[in-house]
Structure formats: structure tokens, C-alpha cells
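We call the chains A, B, C and D, going by the order they appear; numbering starts again at 1 in every chain.
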Amino acid sequence: MKVGFIGLGSMGSAMASNLVAAGHAVTVWNRSEAAAEPLLALGAKLARTPDRAVLGDAVCSMLANDQAVRAVFLDSGLLDAMDPGTVHVNHATISVALARELADAHAARGIDYVSAPVFGRPDAAAAAKLNIVAAGKPAAIDKVRPLLEAMGAKVWPMGEDPVRASVVKIAGNFMLASAIETMAEASTLTRAYGVDAGDFLEVMTSTLFAAPAYQGYGKLIAEQRFSPAGFAMPLGLKDVGLALSAGEGRRVPLPFAGVLRDGLLDALAHGGEDLDWSALALVAARRAGLDGGEDA
Amino acid sequence: MKVGFIGLGSMGSAMASNLVAAGHAVTVWNRSEAAAEPLLALGAKLARTPDRAVLGDAVCSMLANDQAVRAVFLDSGLLDAMDPGTVHVNHATISVALARELADAHAARGIDYVSAPVFGRPDAAAAAKLNIVAAGKPAAIDKVRPLLEAMGAKVWPMGEDPVRASVVKIAGNFMLASAIETMAEASTLTRAYGVDAGDFLEVMTSTLFAAPAYQGYGKLIAEQRFSPAGFAMPLGLKDVGLALSAGEGRRVPLPFAGVLRDGLLDALAHGGEDLDWSALALVAARRAGLDGGEDA
Amino acid sequence: MKVGFIGLGSMGSAMASNLVAAGHAVTVWNRSEAAAEPLLALGAKLARTPDRAVLGDAVCSMLANDQAVRAVFLDSGLLDAMDPGTVHVNHATISVALARELADAHAARGIDYVSAPVFGRPDAAAAAKLNIVAAGKPAAIDKVRPLLEAMGAKVWPMGEDPVRASVVKIAGNFMLASAIETMAEASTLTRAYGVDAGDFLEVMTSTLFAAPAYQGYGKLIAEQRFSPAGFAMPLGLKDVGLALSAGEGRRVPLPFAGVLRDGLLDALAHGGEDLDWSALALVAARRAGLDGGEDA
Amino acid sequence: MKVGFIGLGSMGSAMASNLVAAGHAVTVWNRSEAAAEPLLALGAKLARTPDRAVLGDAVCSMLANDQAVRAVFLDSGLLDAMDPGTVHVNHATISVALARELADAHAARGIDYVSAPVFGRPDAAAAAKLNIVAAGKPAAIDKVRPLLEAMGAKVWPMGEDPVRASVVKIAGNFMLASAIETMAEASTLTRAYGVDAGDFLEVMTSTLFAAPAYQGYGKLIAEQRFSPAGFAMPLGLKDVGLALSAGEGRRVPLPFAGVLRDGLLDALAHGGEDLDWSALALVAARRAGLDGGEDA
């Protein structure tokens, strides 16, 4: 397929590479062109402006947040420039409010739109092991399925309304944050009684909690290895904020999310700007007066 | 080995059966003798009084809570009657306060004591697949290891102080409760946007959260199947209370546990006495005004 | 003085009336002109467009929220049309982010700006008993002091930075919400033991809590009189949101505010749209399974 | 009247002094006799054992907590020794569980029992300005009314069941703790924007919150004067625990109490053992990374 790719951060670059590797004709655009170079070396073409990247069968976008998505697709008039025959596949994690606005804006212009946020870190993206949650018209999803399958291990259909995929992604990230806080509190409790976080978390993540989310973050917490950040605190705060906003939009109280918000703010108030969000464990330790709670 | 077994509830019966099956000479006692009959049929002997069950190489006990453990071992004078050569292996989930008191009481009488709470439901106990967390003197643990291995898939040593095994068990159960609440809140959020709990939880429990704790409780939540209870609300409240008390003992704030406590009380205030603790999902739904939140 | 007044809701109308009564020459503007009629009857002049209301010594504005303030003063270009000699006195309760933006926008144009949010309901406004928190350059505050004193019982200076007055107002409203939730929880607890909310709250609000905030809202809670709303739930949610946003801006965790947010959402999910925010008491009662908790 | 007084801490001594001053014949007992000396100097008689203090028309007791009340009245057999004609007036703040047990124990022995906890610090006790909440049979309350009026500014009847007075006292203390936390969070928020806690709290406690609870604790928070403690952290934790237990007994979720518990534990984990419970403000400051949050 002839496909554009907008947004070449660590996730987008890896995803676009897999499209090239799968034989698709990929035209890439990124705000700073330097990020495009590795892809050009693989055979992608460069679009000097976003509107040159939306001319094919589909355009995938992987932008950082609401602001970037809004700037590139809405404020710039890019949507107005798009050919309705080009399916827009939006991989970004965005608010339900923007998801609704984008869905309506595409519909108003007759542009097929697939909301397709992904679960997975850059390494999973590079290995084409992402889990992709997709919502949009079945025909549009079917059309871009070869692209999704080139980037992900599995595609999880979530119905027609694009907002549904966004809320699944938001709720999933909330679950990750809750898992981190759960391990932070539980291991602070065992530490207070002399049991190392590592010894405790090994039992749990080898048995009842033998899942990637717990094993990955459990290891970081056990080893107090919060830097370099795989997913930095400010991004965690943004994502918990997306859950709180989504809840507010439909009157859904989320008490765990409130606790997470306060913990992340506490971390950021103590120099946690560059730490991984699993450094919520430092906040739990500080609250309890344990060492390891000095920073973040 | 010659071993006693005290406490023949659904867990204790299954565990004692595996001791018999492994060829040990087992003498059982239970407050109501009827519960002993299936074991007698398997070849166990009946002790008419607890003191007749503590005469061998070891005695295992699996009693329901602090009150039962205190009544049988401390208030009755049973400890005073024990031969120091008999190792006491206590499998019950008890408070850190009682764990400390028991450790001291055994030490004062020179009785070897192993705190060995277990992770697993009755079906895991029947299949000898329990995960057993064991703390006590290494020599005592070594002596009873054949018993532990007959009952469990794995033994996780936690050091000498028996309290350490108790806090690991308490922290582990807190993690289970937090996982339930996390799924309750997250799936209420997706439901509010039209995504079924089942569709959402299938994604999560097949990928990042592909672990027994999430898959088991996720299924109950997706199917709103809270009765019959695998683990009833009042037991959940008791266990969260053990975490809060343990935290209080060492000045460890546990904000998630506070949220759990309030959710469990809310469920109990709405007829949840006989429901599984995964019915925390009904509380989350009721808070958001969604159906499914009428009871519990 | 020659003064404009923008925004004639129940608060603004009462405040503008007091300016007229104090002998000032008042020109009023409101989005819908009907609201201006009672003031015209008192002797105020009508401005057909906002720019006709900013021509005197000062212009006071009392708009409903961020959106209205932004629409009237920023998006419309009104600020660009203002004479630097006209002091803008902004009485609205707005976010710290907009407060910052407004302060900067006025400074950039050399317009004197006083942030002067008020504490008090419409009856206090009518009686000129408002407490006015004022921040801005001392000379600007001095210039408009006769206006503030015509509208309020007392002016509380808060320094030069206009944002400071906004945060005081936001923090004050958070205190009100917390007082309501405190009485809601405490009186639900006594009710569960057979003590009427009224009997309990009478003791407290006659003694340790003998203050307007507690006496006013305590009476509403005791009498379950939540309609008509003095301050409706959605406004409460907006104000708690202002506190949470202000906290987020400077990394200040606010656990009570998180609880308030969830309680207000719960009320709104149960038909509380038109109820007074003291109907948080219905949420507390519902959580505990007590009657009085059926709606909101 | 001929009256005994048991428990001569700072509160009890002041209360007993007022009974002597009112002309009653007072016989006092305290675990350590030294505390009785000032009262003997005023004209009270000394009881060498508690049973010598329960021989008159009434006996008032003001003991520190559940443990002390249980030890003196239940475990010692004192109740069995009492003459049913002697009314027991219990001023202690105790759990609802013990309140129930005491009410039943007195009823079983035909002893008139009045639960009469008090609001007020030692200075209020000395000035006979206590607010006394009284529950018990009307005839019993009438009989001891002269005593209550000699010690308090006002007696608040709460019905027949003695437990009702206990829950009112517990709920009242919870309101105090919530007021402290409210001011702690609100003033941390204003401080983060440059407004001193003192400047902010002066506005609030002079207006909407012009009540003793806010003015007293507000002053301590504004001046960061947490030592010497008027009411120390561990007592605060005990009292919040009484509210949580009372809530648990009747399935009443208390989310604010959960937040308070965690804040008090955080303070105690940071050396707050001897600080006033208004040092919750240090916890709020520390969470936000502000100075003043180093200890407690």
C-alpha cells in the first residue's frame, strides 16, 4: 500500500520501519526532519510538509499528545486538504474529548478514520509485537489491516466509534499505573517488616502476578532502577489525567486515579521529572519514612 | 513423618489429604468432628482433643483467623502442653501483631515454629499447587520441608522471623484486592463509553495483565458472576484490615488500602455479605450510576 | 467615579446596584440585555457592546467562568480596545492558568489590573457584605478602593501578583467543599448509630464549628434541603477542579480534593445536576446504605 | 452530692476541681496518687482503691482510653462491687464497641449509666466551659445534672442509648481532624503561589470559618507552632481510628478519615510523635516539596 506516516518519535519510527519492511511504500513526515533519516535509509520517502504525507491509501500518525495532534491535523487545516479516499489511522494516546472531536471532524469531511492506539514500548514496536486496539468503520479497518498487522502482534477490534479505542487505551494505562502503585505500597509494607522488595515481588510476580506489567515494573522497583525512564513521570501524570478527564466526562468516580495523581505530583515535587513512573515506589517509601524515599 | 493437622476447612482438608497421600502418618483435629470424616476414610487418625494432634514430629494448623488461632493455641494452654520437639507449622493468614505474639510464645517455650501462609484457593490446595511462604529457623524449615513440598508447588523462604511470612501474605492479599479494584474502576470507565467490561478486560488480561490474578477475577467481573463467592466480602474486609493494621504498626501509609476498605464497606452496606469480593465492580458501577450497581 | 460593570448575573447585578447606590456613574453590559433592566431603573446606563463599558476610571467584571472571561476580554479583542487609564477589576473565580494569562495580557498592554474575587452569596452581595480579596499594584487597588468598599464589608489585600487573589479564592472554595464533605461523613456516621444529623450538627455548629460555613451548610444537611440549589453541583465540581488544576500547576497533592471530586461525580451520576453541593450528604448516605441516599 | 472521681489527668483534675468548688463532697482516685494532691488541698478526699470512690450518689470517670476504662471498670471487677444506686458518669472518649459493652455491663447489673464525653481542652475544663454530650436514662441524667452543670457550659442530651454519646464525640473529633487537614491542604496550595498560610488563613478564619476549631488550629498552622502539643499525633491517630472502627461497625465508608489516617501515619513516620496533630500541615507541605515539610 501507499502510506504516509506522521510522527517519528521512538514509537513512530519503529512502527514506520515495520511498514517499510513489510513492503509498503511509506512517505514520512516529522516536525524535525532529522528523525526521518534512518527511515529514508530504509527506503521511505520524505514529505517536506504534512500534506505531502496524506496522499496515499492511508496515513498513520503517532503524535505525542493532544496538543500535537490538534496542531497537525486540526489547526493546520490538514484535514481539509485530505482526500476522502485516504484512511487516517491515528495511533496516538489522546483524550476522549479530542477523540470525539477528531471523529466528528473526519466524519464531517467524509474521511475514513480509524482510532488505533497501541500497547507496547519502543522495543515491542520494533519487534512488531504491539497490541493494537482499533475502532472505526469495519471497511476502513479492513482496508488498513495489512498495515496494522505489519506493526502489531494482534489487532483488537473495539467497534465503530473511534472514541472507544481511546478509552480502552486510557483505561489500560490507568491499570498500569495502578499496578505500579500497588507494588509500591505492598513492597513498602513488607520492607517495613524487614522483607526486601525484591524477595517479596519475586514471589508475587512468579505466581499470581506473573504478567508482563508486574514483572517489568516489579523489577524496576526491586532494583530501585528508575533512571533512565522508560516512561517518565510527566507522561504518567498526563495519562492519569486522561483517565480522570474521561471519568469526569461521563460521571465516573475513579478513587484509585485520584491517589495516583497525588503520588505522581509528590514525585514531581521531589525532583522526579526525569524518573520512570515506577518511582512512585520512592513516594511510598518516603511517606513511610523509609530510605530510598529521599528523592522523587 | 508423624504429623498432626489442626483446622479442616476447605483449605485445611485439602492440605491434610495431600499429607496423607504422601505417606505421612496424619492425626487430625477439627472443632466439629464431621469435617474429619473424609480424611479418616483416607487413612488419617482422629484426635478427639487438640493436644492429641500435637504429639508427632510436627503439627500443621490452618485456622480461619486471629480469633481461632488465639483460641486454639494460646487461650487453651495448648502451647504449654506441646513437646518442644514438635515443630508447629502455622498456615493461617493472621495479623502481624498475633504473628509477633505467637513467635514470642513459641520461642519462650523452646518450640520450633514455622510461619507458612499459603497463596492459592482450595482447588490449588487439592492439586498440591499452593505457593507456600515460609519463615522460621532454617533447621525447622528443613525438617518440615517434606510436608510443605507435599502440599505446595513451591516453598518461598522468607528468613527467620516468622512475622516476615505473615506480612508477605498480607501484602499479597492486598495486591489481589487492588487488582480487583483496578479492574472494577477501569472497566466501569470503558463501560461508560460503550465498551463492555468483557471486551476491555480480554485485551488487558491477554496481554500486559496475562496473570492468574487478573484472568480469574477479570472473568468474574466481565460475567458479573459474584455468587457463589470464592472469597466472600467479609473475608476481603478482614484481609484489607490486616494490611491497614500492619501498616499502622510500622507507620506505613497505604492509600490504596483505604480506598479498598471504603469500597468493601459500601458493598457490605448494599447486601454484599455473601458475594465474592470481586463484586467491588458493583460498587464502582453504582458510584457511576451504571446498571449492575444495584446490589453490593 | 465613572465605572463600567460587565456581567449581570445574580452576583454582578447586586454588586453593580451597590455601586450605583454609592453614587458612582455606572455603565453596564451583559450578554443578554434583559438582565440590565433593573439596574437601568436604578440609574445605570446601558452599554450596547462591551467596549462601551470600559471607558471610565474603572471597569468591574463578574463573569461566570474561564470561558466567559476569555470570550469577553481576550478573544473579542476588548483588552486591545481599552484605555490604559481604565483599571480592570476582575471579580470572577477563574483558574490560576487564566489568572496568569490575564495578568500578563493586561501588563503587556499597560492596563492596570486588579484581581478581586469575592466570598459571599447573592444576599451578601446585595447587602454589600462581601469579603473581597484583592491583588494588584497598590496604586491600582487604592484607586478602586471606593468601589470595593461600596460592594464589600472588607477588602483583604493579597499582594501585587493578581494570581494570588485567584488562588486564595480557589483555596477558600475548596475549604467550603471540604467542610460539606466533613459534615456529610460525620453525620452519616452518627445516623448509623441512631443520632439524627440535626441533633449532631447542632452540637457541633453551636460550639467548635460555630461559623457561617458550617451553620449554613449544616442546616441544609440536617434538613436534607438540597433544592433549590444555592450553589449547584456542577459549579462545585468546577470549583474543585480549579483547586486540583492549581495544585497540579505547582505540584501540590490535594487528597481531600480528590475525594471531593469523586463524591461530586457520584452525585452528578445520580441526578444531582440541580441540587446544592451540600447534597454530598446524599452520596455519603448512599455509600453507607442509609435512606436519604436514593438520589444525588 | 457525694461523688467519686476516677482519673485525674489534666482533664479529670480540672473537672473534679469544679465539682469540689461547686460544693460537692468529692472522693478521688487515680492510679498514681501524686496527681490527687492538688485536689486534696482543695478539700477532696482520697480513695486508696477505686472501689472506695464508687460509694456515693455518683462516680464520674475520665480515663485516657479503652484500655484504661476496661482495666479499671471491667477487668478489675469494680462494676460488680458497685451499688446500683450510684450513677456512673463516664466522660472518656472510647470506641463504640466498648461503649456498647459498658452499656450492657451496667444494665446487666442494674447500675445507672450515663455516657458523657466532653468537648474542650484542659483550659475549658478548668473554666467549666466544657460542652458535655450526655446519653443515658433521663432519670439518671437528671440526677447527675448538677454535676454536669458544675463542669460544663452546656449539656447536650443525646437520648437513652449511651453509645449515642460516644459516636457523637467520635464524629466530632473526626470533624476537628478534617478541619486541620483542610487548612493544611488549602494553605499549602496558597503557599505554592506565594501567599503565606497566615495571610490566607486570616481571611478564612475571620469570615466563613470564624469558629474556635479553625481559629485555634489555623493559628498553630500559620505560625508552624506544633510543639508543645496540645493534642499529640498519637492521640489523633487513636481518635481517627475510633471513627474508622465506628464506621466499620455499621458499614459506613469514611473517605476523609482514610486520608487523615495516612497523613497521621506519615507524620509519625517522620518524627511527629510529640507534635500537635495540626502538624498535618507539615505532611501537606512535604508532599508538595515545600519547606516546613522536613519533619513530621
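By our rule, a contact is a pair of C-beta atoms (placed from the backbone, for glycine too) under 8 Å apart; a residue touches a chain by one contact, two chains touch by 3 or more.
All values reported here derive from a predicted model rather than from experimental measurement.
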Query raised in the report: Looking at CA centres, what chain is most distant from chain D?
Result: A
Report task. Could you quickly compare C-D and A-C and let me know which has more C-beta contacts? Result -> C-D
Query - For chain A paired with chain D, centre-to-centre distance based on mean C-alpha positions, whole Å - result: 52
Report task. Measure off the straight-line distance from the CA centroid of chain C to the CA centroid of chain D, and report it in whole Å. Result -> 37
Query raised in the report: Between chain A and chain C, what is the separation of their C-alpha centroids in Å?
Result: 38
Report summary line: Multi-partner residues in chain C (2 or more other chains touched) are 247, 251-255, 259, 262-263, 265-266, 269, 287-289
Query - chain B-touching residues of chain D, taken from the complex the two chains share - result: 237, 241, 244, 247-248, 251-255, 258-259, 261-263, 265-266, 268-269
**Report entry** Touching residues (chain side chain D, partner chain C) in the complex
**Finding:** 96, 119, 131, 133, 154, 156, 158-159, 161, 163-164, 167-168, 170-172, 174-176, 178-179, 181-183, 185-190, 192-195, 199-200, 202-204, 207-214, 243, 246-247, 250-257, 259, 262-263, 284, 287-289
Query raised in the report: Can you list the residues on chain C that touch chain B in the complex?
Result: 255, 262, 265-266, 269-270, 286-289
